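Here you go, one structure.
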Amino acid sequence: MRKVGVAGAFAVGLMALAVAGSGWNGAQAGATITGTIKFTGAKPVMAKIDMSDEPVCKAKYQAPPTKEDVVVNGNGTLANVFVYVKAGLPATYKAPAAAAPVVLDQDGCRYHPHVFGLLVGQTLSIKNSDGIAHNIKAKGVKNRPFNISQPNTMTTPRTFTASEVMVPLECNVHGWMKASVGVLPHPFFAVSGTDGSFKISGLPPGTYTIEAWHERYGVQTATVTVAGAQAKTQDFTFAAH
Amino acid sequence: MTTVAATHDVGHGEHAPSGFWRKYIFSTDHKTIGIQFLFLSLFFLLLGGILAMQMRWQLGFPGKPMPGGGILPESMAPGGVILPEYYIQLVTMHGTFMVFFAIMPLLVGVFANFLIPLKLGAHDMAFPRINMASFWFAFAAGMVMLASLFVPEGAARAGWTMYAPLSARPDLSGAELGQKLWSVSIVLLGLSSILGSLNYITTIINNRAPGMTWFRMPLSVWSLFITAILGLLALPVLSGAAIMLLFDQTIGTHFFDPPAGGQPLLWQHLFWFFGHPEVYILILPAMGMVSDIIANGSRKPIFGYHSMVFAIIAIAFLGWIVWGHHMFMSGMNPTLGSSFMISTMVIAVPSAIKTFNWMGTMWRGNLRFHVPMMHAVAFVAMFVIGGLSGIFMAATPVDMHIHDTYFIVAHLHYVLFGGSLFALFGAITYWYPKMFGRMMSERWGKIHFWLTFVFYNLVFFPMHNLGMAGHMRRIYDPTQYDFLKPLQPLNTFISVCAFLLFASQAIFALNFIISLFRGQKAPQNPWLDNGLEWTLPNPAPHGNWAQIPSVYRGPYEFSSPEVEEDYLPQTRKLPTDREPAVLSSGAPS
Amino acid sequence: MTHATASLMRPPFPAERGVDAHNLKLGMWVFLASEVMFFTALIGSYVILRFGAPGEWAKPGVVLNIPVTAFNTFLLICSSVSMVKAFAAISDGDQKMLKVWLLVTIIGGAMFVGIQAYEYTHLIHRGFLPSGVREGSELAELVANGTLPAATMGLYGSTFYAMTGFHGFHVTCGVVAMAYLYLFRVRRGKYSQQDYRGIEAVGLYWHFVDLVWIILFTIVYLI
Amino acid sequence: MQWWLPVQASTFAPQIDGIFTAILIITGLAFVVVEGGLIWFIFKYRERPGRKAFYTHGNVKAEYIWTAVPAVVMVGLGLTSNHYWNEIKGRNSVPPNAYPIKVHAKQFEWLFTYPGPDRRLGTDDDITEVRNKLHVPVGQPVVLEEESEDVIHSVFVPAFRVKQDAVPGMQIRAWFIPTLIGEYDMGCAELCGMGHYKMHAKVTVQSQADFDAWLAKAAQGDIE
């Protein structure tokens, strides 16, 4: 009986080490990749959205709202680009359990955020703060598509079971409402913000294929090798067409 | 007292089944199968009613949490507030359960099975085992449809008419498994209905007692015969269409898929080619049974028996060439619209004939208002309103305004609820003693009748006005439209009356269940009727008659001068009657 | 009351005159009326879809193998003839020849279904599916080089598999029914000159299925 | 409360309301005759002891009357309806000078395309994808060229008495002449999914001048 106890303790110790080692959690440990998404060429003019049919949403805007397919920032960089680690993670890597749910807010008849990512199994709580009817159709291919409606102010939780980049979301009542969600088995992803920059941190050492995805301008990939707590820069440039 | 039926018909020689399973569950006795259908379809009638109440709550009080809505899953009614996708499931399943699993089985499953052998003087159906199979296919279809309510994404949601491509593509409807289960269930129901119909037709043609000539058959059997023919020829088309829809939903065929050349109108043509004979399947048996009950209640022969029979046949024949009036606005060729309009106008004539004949029967009668008679007269009164409101839709320009509005909902409920369901309340009360050997309470029957009659009219008549104002069908929240906001008080009023109507059905349910055990023992012929079924004890034994009776006259010889009582049973041999010529086949009778 | 010795081939007795056919035969005729409506729905849809198709329909013989199916049709017609022989045998009371001809009919039917199944596997292998043409299959190249119209191949596959599939299903049911009769009724001498109703009913059904196939073979394979 | 038909805002409305009223009178008459007769019979012929019903099997002459009368009335109604039906939906009922507007129906919204100054659709001066807003000039024939992207929808403007399904894979036309300036509702009359009730569009009938002004502004993209 005793021999079993000792073996048991030893096994648990080993497992804890393995989990700690591979979990590699915590933003501070591990390498970081940052960069900016440059944009060249003429800035496309986005069409105005006619929200006169929904006064509740229309009242939330001073200037008439425009479509969000291409958002070019003041400093010539591109927002809403989803950058993530496509390949290169060690096979033994195990993602930490997803903590807080990601909130997708429908405010002013628009999705906030327009492009975002979440872990497989992480809860996406879809919030309708407009109080008017929206429906949310997720046209997943690896993920089972769903089509739910929210006739007034409410929140509906959903989860995605398979990794898929990207799952398009749309509202059929308001044809212009579109969003894209990247479902990944690991937390190494980022979305370029209003300054066009992105930051992926906490990477275990290794050679990674990074992919930058944009709704209209497609994807670009790059290979980055990081070691220890190194910070690497990797920029992407999208040309207008 | 079980007597051994001693003739050489196939399968009638064996003794009455004794074990519980053979007697009640896997029985081949047409009466037991009729009663099995009765309990199955009353359950689905209740379920259809519950779905309707949820719909009425959402229409009467849009967006407000439904009392008791907490039991519903979050994906259907979070916090008791009904979601739009749940509302269109309610619409679809209310229509499906009521049409396919309540009214049709009640009329055809219960009363064709129960009445045909008894009223024709046969031991049982021509094919008892196929008859049992017909019930168990209907039971399976019902369970599949019931299960589709509880599948993860919810039940089918494209209306009971299941128009493609909404029904064929889960990405557009939001339900995948629910839609497939609907198709599977309808195919099973089609099979059950075909097996039933072929049984009724064979029994009526070949198994009538000696002397029961074609024009001595009661009108209820005539209508069940014509209904069986309609069912026999219409249900396979629905099964074929449901199979094609199932293939579109499962293995990716393109029958109704426009991008690949499929035609959504093909589904509508197939569905309504079945659909219109179906609505005559839902009304003809009710007309037949009402004719029997009115003749009995008036103590007077039916007025114009032959014209009633020809009217049934005319309705059945014309029923096949009018289906396009459901599709005037569907993009079908307008010239087709004209021809369907003319045939639809013509089909109003046989209905008018029947109505005037019922009135002729009551004219100078000796009206005895037992509960079935009250329901029968209410049937005539309500069916007239339903028939007349149908004429508005037959006129194609007017249909342009009222198609797919609540005017249609009012029309169909006047003929289905005011028509078939009132006739069914009457028929169940009328043949209850023959089924269970006890009488339903007359007092509670009358209370239930008056409550139902009043609330029924308060619920469905104002829907004509909603329809005239343009209130579209299957709208989750009418307050979205400015032109419907002034009508919202009417919607609320209709909903409140609908709840009261539903509540008053408890009286019928209690009367039905309590009378099973504590109802007054039924005399041999409680309604003093002439039918063959009343020559048997209540409830009738297996195999019905030991000796096939002979028939000497028609079923409606009430107040006949030949006898002093005001009724003259078909099997009573008067000195002046001749023995019917029997088919000589060399076998001793 | 013992069972009468008179022939059972008459309508039930005592009864009012109906149709001069025993219940089983009348029941089968009525059932065949419903089957006619079922196949009318399928064939009617085929006709409407084909005439309303967005492009021209695939030429006969390109996808479907006409020689093999022609032989299959001949086979089914022969099995119909052998069914008539079986019926004639038992109506003369010859149980032995009934056994022989019924067996021939069962084998004919089973071979028909077998050939049909082989045809299906062969077609699916070449890429012909109920949903149309599988990418990267032999037929996909034919569509690519234009011998097969791309716009209507989806309908072509759907209608073909629905109609011939359900006809095959009905033939299989017929074969199973005849095998059941053969094993549990014919071999036990249940049928005699006085009572061969089962054979008459199954024979009616078999001729119906054969007639439907002749229509299907013409409108699906030949035109 | 509103108990009668909606406001008459197109040339069809008076015609259709006329037939509606005619049928209402005929059916009202039949209703009174039958229900009145039933109630009268119920009281007059209720069971009284010792009385026996009148033994009759029918009366052929009466049958003829109540077969012929409804038949004549029905055929009459049929012919009048057919006349208006051909006028409204007949094969060549659309006036040649009708102002074409494309209606693109999709799950849960209507997208209208206006032909622009050249009054012809499919040219590059079209004003495309105007959402849930149908503006029409008063007094002129307008034809809706309906198409659907996914399921069957149905254009329904109660004030114009106009209804026409939009079926995916088919081009269907529905025409009308608006007669009353004002703003009306348009909804979807065919169940098209969970948002069927939200397919609510505003129909605005304007004078020619206002219509042209609105169209010019819409061309610049600021739609009010």
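Of note:
Labels A, B, C and D are assigned to the chains in the order they are written; within every chain, residues are numbered from 1.
Keep in mind that, in the parts below, contacts are C-beta pairs under 8 Å (C-beta built on N, C-alpha and C of every residue); 3 or more make two chains touch, one makes a residue touch a chain.
Values in this document were obtained by computation on a predicted structure and should not be read as measured data.
In this assembly, the chain whose C-alpha centre lies farthest from chain B is A.
Annotation: B-D is the more contact-rich of the chain pairs B-D and A-D, by number of C-beta pairs in contact.
Here the spacing of chain B and chain D, counted between their Cα centres, is 31 Å. Chain geometry summary: the mean Cα position of chain C and that of chain D are 48 Å apart.
Distance between chain centres (mean CA atoms), chain B to chain C: 34 Å.
Within chain A, the positions touching two or more other chains are listed as 133, 135, 147, 149. Residues of chain D in contact with two or more other chains: 107, 193-195, 198, 200. Of all residues in chain B, those touching 2 or more other chains are 83-85, 173-174, 262-263, 476-477, listed in ascending order. Per the contact rule defined earlier, chains pair up in contact as A-B, A-D, B-C, B-D. Within the complex, the chain D residues that touch chain A are 106-109, 111, 130-133, 193-195, 198, 200, 202, 221-224.
Residue ranges of chain A in contact with chain B, taken from their complex: 133, 135, 137, 139, 145-152, 154, 156. Considering their complex, residues 47-48, 50, 52-53, 64, 133, 135, 147, 149, 172-175 of chain A touch chain D.
By the touch criterion stated above, chain B contacts chain C in their complex at residues 6-10, 13, 122, 126-127, 130, 194, 197-199, 201-202, 205-213, 232-237, 239-241, 243-244, 247-248, 251-255, 257, 260-263, 266, 269-270, 548, 551, 580, 582-583, 585-589.
Partner chain B is touched in their complex by these residues of chain D: 1-6, 12, 15-16, 19-20, 23-24, 26-27, 30-31, 34-35, 37-38, 41-42, 45-48, 51-60, 62-63, 66-67, 70-71, 74-75, 77-78, 80-82, 84-86, 88-91, 107, 150-152, 154, 156, 158-159, 161-170, 172, 184-185, 187-198, 200.
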